[in-house]
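Just so it is clear, A, B, C and D label the chains in written order, and each chain counts residues from 1 on its own.
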Amino acid sequence: MSSSFGHHFRIHTYGESHGGGVGVIIDGCPPRIPVTAAHIQRELDRRRPGQSDLVTPRNEADTAEILSGIQDGLTLGTPISILVRNTDQRPGSYDEMAVKYRPSHADYTYDAKYGIRALSGGGRASARETIGRVAAAAVARQVLDTLHPGIRVLAWVKSIQELTAEVDPLKVMPETIESNAVRTGDPSMIAVMTERIKSVRSEGNSVGGVVECVIRNCPPGLGEPVFDKLEADLAKAMLSIPATKGFEIGSGFAGTLLTGSEHNDPFRMIDGRVRTTSNRSGGVQGGISNGEPILFRVAFKPTATIMTPQETVTAEGENTELAGKGRHDACVLPRAVPIVEAMATLVLTDHLLRQRANVR
Amino acid sequence: MSSSFGHHFRIHTYGESHGGGVGVIIDGCPPRIPVTAAHIQRELDRRRPGQSDLVTPRNEADTAEILSGIQDGLTLGTPISILVRNTDQRPGSYDEMAVKYRPSHADYTYDAKYGIRALSGGGRASARETIGRVAAAAVARQVLDTLHPGIRVLAWVKSIQELTAEVDPLKVMPETIESNAVRTGDPSMIAVMTERIKSVRSEGNSVGGVVECVIRNCPPGLGEPVFDKLEADLAKAMLSIPATKGFEIGSGFAGTLLTGSEHNDPFRMIDGRVRTTSNRSGGVQGGISNGEPILFRVAFKPTATIMTPQETVTAEGENTELAGKGRHDACVLPRAVPIVEAMATLVLTDHLLRQRANVR
Amino acid sequence: MSSSFGHHFRIHTYGESHGGGVGVIIDGCPPRIPVTAAHIQRELDRRRPGQSDLVTPRNEADTAEILSGIQDGLTLGTPISILVRNTDQRPGSYDEMAVKYRPSHADYTYDAKYGIRALSGGGRASARETIGRVAAAAVARQVLDTLHPGIRVLAWVKSIQELTAEVDPLKVMPETIESNAVRTGDPSMIAVMTERIKSVRSEGNSVGGVVECVIRNCPPGLGEPVFDKLEADLAKAMLSIPATKGFEIGSGFAGTLLTGSEHNDPFRMIDGRVRTTSNRSGGVQGGISNGEPILFRVAFKPTATIMTPQETVTAEGENTELAGKGRHDACVLPRAVPIVEAMATLVLTDHLLRQRANVR
Amino acid sequence: MSSSFGHHFRIHTYGESHGGGVGVIIDGCPPRIPVTAAHIQRELDRRRPGQSDLVTPRNEADTAEILSGIQDGLTLGTPISILVRNTDQRPGSYDEMAVKYRPSHADYTYDAKYGIRALSGGGRASARETIGRVAAAAVARQVLDTLHPGIRVLAWVKSIQELTAEVDPLKVMPETIESNAVRTGDPSMIAVMTERIKSVRSEGNSVGGVVECVIRNCPPGLGEPVFDKLEADLAKAMLSIPATKGFEIGSGFAGTLLTGSEHNDPFRMIDGRVRTTSNRSGGVQGGISNGEPILFRVAFKPTATIMTPQETVTAEGENTELAGKGRHDACVLPRAVPIVEAMATLVLTDHLLRQRANVR
């Protein structure tokens, strides 16, 4: 188990989907940063189930309690502990899953690794585990706003299956994304994406897609070669989110089709600053931010939980069949948007503080 | 700067492309593992320039010297230090680059971060930095062979631009890959890929592509949820390699086009073991290996160094032009193959040791 | 702030003396270790105030709640989160301390470091912070009992000022220590030590002393040279406990008076094992346990809180006087005993798991 | 094995006493710090054997080679690798020791831990291992001088057996200490200490003693509660030095004899700053520096290598006798002085950089 992330702004998460609760400790947060429960709650509300008719009907208030590290709305510089109680416990609905491994879930691998497994709700492999990340990122967001105002981390649903949104990463506004339950940045795609999700859900099936994320106004100089390159830490952050299968930055896989003369980003002096006139680098060169927008994409597989019968085996090693019966979230993409933003915010805050230690 | 990688089997690299040398310390290697200089040299020889007429003509012997941690061909359990001297120093050929930022290189970002930069050869952003990784992985390879014989890490060139090889990850043999200078696993693509690389090189241009990698016979149970998931650590490892722009595991980005019922991997008992009858998970579920082959792909952009004039700026902030004059490696893919294998081997070895600490 | 301890069995603590509560996350605990709330509560009860008429009258139940990581009395291998609520909140009694720096407390240094400070009860510098450590060590204790039964960690009050107990580290029984409120291992010293503590308390004064600790049946081979030597990690662990001023192992400072021929521990084969016939090494040689009892001592200064007027300054920089009015614990030694045991247990468990990763 | 030290200014050492060499990588050093080989060599010369007729006659030039991270006398911000070759290899003189465990050396414990051991010269347990620490501290010294000029780290021999120097930690000058081969700060004790060392050496015996160290002009605010308290990290640093058995800060063990009213350090405003009028805290309160001189002492046992016959066992488990024949350093204290300074400098530099990341 390794539930710590970050080097200087460091978080430690805990909690199964059922049990006392889930939460996070944030260690290394600078003192005197304005943080209230409301800052945290706002992000948790974006992440939680039951927000719209598109996502899982599991309905938990997910109320954050700050246990330590904040006094009168200011951080103390000491560890910040945030707890979200579990309230909607219905282990009964998972009974069959306790003995049959759900295909493409983590049931089998947890048993293989630990020889024991949380008997309901997916345990630590549940999406509920991400609550601690989102709560910590709400604090990190305040650190960025205080130490380096203007940095903006913004994600949206780029595609659902082959349905692809056209979004200008430099101009899309958060209001546009939050105004629709799909959380796409392209208003022309809302209806068709919504229809697709509802359609596959009605069939007891599921779909995946791509979340795109931009970081605007990131200062140059963040990222720590050679192993903690900014894109390397972003890649790890994203692949640690449940259901992800890929990460690409800037030109990504499509960039492999170009030649060097097509791909290179020319430098020009613009408004007295070194800029690039294209951004196939995705805002990072040699592992260090270059001041251009950081742009990356994350692939989410279709949700593993489906309602149709599937071949599987029991924990005792017998072939059998399983049909999902619990909660069914036909598409995680809308809820993944704030989680992608959270992980990017954590990476950025950590690297900002690391750079402060050494800058002259 | 962060030049450490791994939690338990931990490596620390150092060295600029010019200067005394490059190297690595390996800390946390189990004792009494058979390792000789020949094991290390074999992998360094696969990585070094000048192996064929396809890669950079820079020709350095890259001879590894073991400074500590090994006695009479066995590891002592103490830190293993390996040094490779720099010999082919021609800083003169980089003079112009010292004052003009090479487009899509790390010249500008190193200056932005550190306020100082190695004045020749790319410093720590040079491909030469990977020597320490490859040397360390040669030791890791011996750890795997001793503690868990049978694990096989194998990579090949999957594509050069749109030229795509057909390779069966379960059957391709290392001899097939090593037998051709392109290091593809598909004999039918050798000629056309070779021609492409030579063609772009003759134009002073460059190309990128995709390296694919399989880990066969990985035991189930490796990977540490939630942040050190096996795929998350692999993603970080791969994105820390120079010139990489993307990572995907199993179904990857293409998997986002499928529905859950198409994507899920059914479980079946086969030969008394839990197996999946498809492998869109890519050998990892919930961040933990499931015993199936681990399969992933890494995107490499076209080499930034090209011979045609490009717009850029000087370190003093003047617009100018730059045409590459130094060494020109039109395609890094063949040399990237052993580096991808090296990083995968390091991740796997680290996770194997971590799991040993807790297993019961 | 750095509230993490350990490399493989790793704990993260949080919590101010006033606020929602204090607690700990344990990461890296092996799965299927038997742990119940009762195991944790037993150790917390030994540490808490109000146990006897010798220690601080602050009376909190200190009830541990397990939030995650344990199911049906067995660890899951996932992070174990333990929370102890704060209940006895009387910030009023600390009003004067909020503006005047208490001499030899951490009030001034917290302000100097963070520019902000918990306004009551000492915040993170309070003895209450150690609850998370003790709770985590109760879990570690179970890990030792499961993976390596027989290891015994036992501490006692060696001295109160000049009053020094004669204790045989190889024979003293926990029942002897726990049977008296002073927690000394020498029955002949109970009365005089008790009298001393009551006497200084009646004067509004305080006293310090030395806690001695033995680890019996520690296997040889634990400790990681060169920086994570067993004695180095023990020293750090002990000096991280509030009010400690010194650490010595084996012969310690007194050993500097001997010559080498007097100090060296001869080796002899005894019962087929390599043993030493004296133990001035204190059970550790070259940073690694040698199988002999590990024996060390920790110096605790007299409690800083006293009831007599003292010179000090205000947070605004004015000279003033302060007389303690809050709770007054005239001697922390009896309560320090379980904390010393806890930190030693954490160090040992961490090193046991680290050794398992590499052993062959 | 764990050969890394520090969190932000992080060093990794390697090397056995015999083999290719010993050295260090420094990671996290700020860029543009003036460092030359001469800075490093000066400290290595203070540490090396053969400086005077008081210390071990082993005579190695110990010449430092900078392999990376420094260009034209300035740090690049990249890892600094420093190598010192082994030259004085006389494995023959250790033959008997290869089969007989030297009492109070690390021969037996290395075998117990690793099942293998460097067959000559003590391997990683040799004093030669400290070369990497001293070289790294020479770089750290330059970081302190650049970022926070005025901090002074100074150590001296406080006692040899019962012979105790009277030294004023606030006034003693480095010239006074360096001017005598004993490295004591009390001129009146030079002759008697020298005589004692020569006397025990002539008997083939050895002696230990105490090194005292002061850090002057340390700014308030350094140290990271609760586990990385400044005194905790100093304690670990000191107990990681070979042959150490104890650490105390400020009043130390003697402070346990005082009452609180005697021990507390009153605060007064002096020259507009918060000061204490006594310094029993030793410059640290609650784990954080308070701006007063940091004062601590380290106990060194008598050297284990003596020339008289001792009881021991062979690696095969036979009782036997051993009389030392190799090099004989009757007292390590004079050479320990620069090593104590080095470790204190590393701790301080690391904490200074950590504080910079969070300060506002």
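Please note the rule applied: a contact is a pair of C-beta atoms (placed from the backbone, for glycine too) under 8 Å apart; a residue touches a chain by one contact, two chains touch by 3 or more.
In this text, all values refer to a predicted model and were calculated from it rather than measured experimentally.
Shared contact partners of subunit A and subunit B comprise C, D. Taking B-C and A-C together, the pair of chains sharing more C-beta contacts is A-C. When each chain is reduced to the average of its Cα atoms, A sits farthest from subunit D.
With centres set at the average Cα position, the gap from subunit C to subunit D is 26 Å. Distance from the subunit A centre to the subunit C centre is 39 Å, each centre being the mean of its Cα atoms. Centre-to-centre, using mean CA coordinates, subunit B is 46 Å away from subunit C. Residues of subunit C found to touch two or more other chains are 1-4, 13, 28-29, 31-32, 77-78, 113, 115, 124, 225, 360.
Against subunit D, the residues of subunit A that register as touching in their complex are 8, 28-32, 77-78, 147, 225, 353-354, 356-360. Note for the complex: subunit A touches subunit B at residues 1-5, 7, 13, 101, 103-106, 108-110, 112-113, 115, 124-125, 129, 159, 161-162, 200, 205-210, 220-229, 231-240, 242, 244-253, 255-269, 272, 274, 276-277, 280-282, 284-291, 299-306, 308, 310-313, 317-319, 355, 360. Those residues of subunit C that touch subunit A in the shared complex are 1-4, 10, 12-16, 19-23, 25, 27-29, 31-32, 65-69, 71, 74-81, 83, 113-119, 123-124.
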